[in-house]
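Got a structure for you, questions after.
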Amino acid sequence: MIRIGVADTTFARYDMGRSVIDELQKTDTGIVVERYTVPGIKDLPVACLKLFRERGCDIVVACGMPGPKPVDKISAQIASTGLMQVQLMTGKHIIEVFVHEDEARDSKELAWLSDRRAREHALNAYHLVRDPAYLTRFAGQGLRQGFEDVGPVEGSVGGYRH
Amino acid sequence: MIRIGVADTTFARYDMGRSVIDELQKTDTGIVVERYTVPGIKDLPVACLKLFRERGCDIVVACGMPGPKPVDKISAQIASTGLMQVQLMTGKHIIEVFVHEDEARDSKELAWLSDRRAREHALNAYHLVRDPAYLTRFAGQGLRQGFEDVGPVEGSVGGYRH
Amino acid sequence: MIRIGVADTTFARYDMGRSVIDELQKTDTGIVVERYTVPGIKDLPVACLKLFRERGCDIVVACGMPGPKPVDKISAQIASTGLMQVQLMTGKHIIEVFVHEDEARDSKELAWLSDRRAREHALNAYHLVRDPAYLTRFAGQGLRQGFEDVGPVEGSVGGYRH
Amino acid sequence: MIRIGVADTTFARYDMGRSVIDELQKTDTGIVVERYTVPGIKDLPVACLKLFRERGCDIVVACGMPGPKPVDKISAQIASTGLMQVQLMTGKHIIEVFVHEDEARDSKELAWLSDRRAREHALNAYHLVRDPAYLTRFAGQGLRQGFEDVGPVEGSVGGYRH
Amino acid sequence: MIRIGVADTTFARYDMGRSVIDELQKTDTGIVVERYTVPGIKDLPVACLKLFRERGCDIVVACGMPGPKPVDKISAQIASTGLMQVQLMTGKHIIEVFVHEDEARDSKELAWLSDRRAREHALNAYHLVRDPAYLTRFAGQGLRQGFEDVGPVEGSVGGYRH
């Protein structure tokens, strides 16, 4: 039984946590999901810590949507640094699903991007905890979550194309 | 009995600590407030640590008002990073109520914004410590504290509108 | 008996440590001062740690004067981050007295500003360690150290004016 | 028997991990390689921690390819800061092989640069763990990994030229 | 017997480690030097940690030469942050001798600057470990390492001029 945490925010403008949970449940019926919602991205690290320590998660997917202003970019950096610290304190992965509001041209694309990135990273989290060797077959393949994969550069030897 | 810490500064130009305390007391008569005032935002992290360790708080609301200069923005970043560290050391939330002096058009709006953000975050702190599951119903709903909620993006499936 | 540490640098262009010590001694004859001088601001954090651990200080005032170049600003940020860490390691306050060389119009103002900020922060340190509740009466009052207080914003309810 | 970890990503557009492993195996037949692939560079630090703790590595080579956007640069900084923390937690070196996508003029050069930097840093890792005194003969010699060595500056006394 | 560590890099374009060692040996015949050379500045922090823990150093002088590109500036910041952490982990000073390649007009000045800064900081390290009270006589005197001292500002009271 795998226990996967989902931490998300009320600040985000798309319910990425729901996409993550839906994708996980379609993938494997043996997954238990623990969800924890906080106000903003800087509240995510301690939420993740609680998901590991108080709810026994094996991995956490942390979803957030930084706004477009400089102060939002700084918040995202502080949040990411905190998520890093939690990973090193616990020795466990946190897969960060951050969609910056200014990555998309309009709100329709923002919704599409949020849903897709959340789902693709849900699978990354699943594979990392299910079989840590799984992703090596895609090493250096230019994979992206959300927008299209960019692929390996010309001159790469052989390799799998996603 | 919930014990909520309020850390604030003499540097700020609005008494956000008072707004937080007033809102908490209107919300629940069973809350004990512990207040600690320091000179500036970089003094807040150790103040919060003391509120957790020496005064037994369950959560802390940290209020600050960074000035408009580049050096003030750096101070805010260092302060936030310190607040993050305290959260990870204690495993408890600190709700950061920072109002940047240049967020408002004039000092009247600054006072209004400071009061309202302080009150809305006081409620976030209350809900987080009272019922950690409470905020999930607002996940991805584009909530803001102070200015109007921006709401979820077009294309979001269903969901509660605040 | 209060034991207050003073950490300062040979890089600074004004002897702020002397101002701090002079102000403390005028304020309370029961203060023991421990002074430690290092080359630059990035050497201050471990100096403060030694003042706490090896010389038993209750609080430390850390004085530095970052230069005007971008590399100096980065050094100031790293130094501040280190001072933050020392505070969180020891659970004690470090009052940072940094005067940026480009804050003043000329060297005369720089000397004046350095002396005054050092003295005002010396008092902040004294009050924090003597009576942690003291500063709450000035919460949100827009106090500054060195230049004039900016005061609370229009719309603030009542409150003390410094 | 030396145990060298190789951590890399599916985000990178060149399989640098393969280059590292190939170079190590050509250098010394007594090396055991442990490989761990994660989605992106911010996932590398905990991957390295696992390579040290769970797989007994003596040193790790961490390969990543930050993209050209500002958000990618921030990610690289957070990843590097995390790699630093892991080194200080374990007391062991992590050799960072980061190739920024915008370092190369075209994708052909990017492939060449990635391969060469990976191989040269693989040797650095090997020497550091095999004989920590080895690199002192090249101290201050302006060595680079990938592009040509820039060499020591005019006025340097004697010294080895690579 | 004082044990002073010297950590340096193969990336630097001047052998500052040699200058440090030469200056220390001219100053006091009772100093034991422990040297450790790594590829780049981000490898210095763990090298310093090893010099403290595995080779019993009392203080370390860490020499590096960040390149002129933005990515090099970020590396310098990460390296400095790591050096800070090692100091706080061990409670011992690391004197950072960083010469930015773009501080000098040409490579001749770069060599001169590197040698002189290394020597002057070698003496700072020596004094700090030999007699921690020594530098207080130079507090606030505007000392610099490498280029000329800038001196105290007009309005400073009395004080020693270097």
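In order of appearance the chains are A, B, C, D and E, and numbering begins at 1 in each one.
Convention: a residue touches a chain if its C-beta (ideal position, glycine included) is under 8 Å from a C-beta of that chain, and two chains touch if they have at least 3 such contacts.
Everything quoted here is computed from the prediction, not taken from an experiment.
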Shortest contact path, subunit C to subunit E, counted in steps: 1
Inter-chain centre distance, subunit B versus subunit D - centres from mean C-alpha coordinates, in Å: 41
Chain centre separation in whole Å, for subunit D relative to subunit A (CA means): 25
Sequence positions of subunit C contacting 2 or more other chains: 77, 81, 85
Traversal of the chain ring from subunit C via subunit E: C, E, D, A, B
Residues of subunit C touching subunit B in the complex: 73, 76-77, 80-81, 83-85, 87-88, 91-93, 95-96, 100, 121, 124, 128, 132, 135-136, 138-145, 150-157, 159
Subunit D partner contacts - residues on subunit E that touch it in the complex: 8-18, 35-39, 42-43, 45-46, 49-50, 53, 71, 74-75, 77-78, 81-82, 85-86, 89, 107-108, 110-112, 114
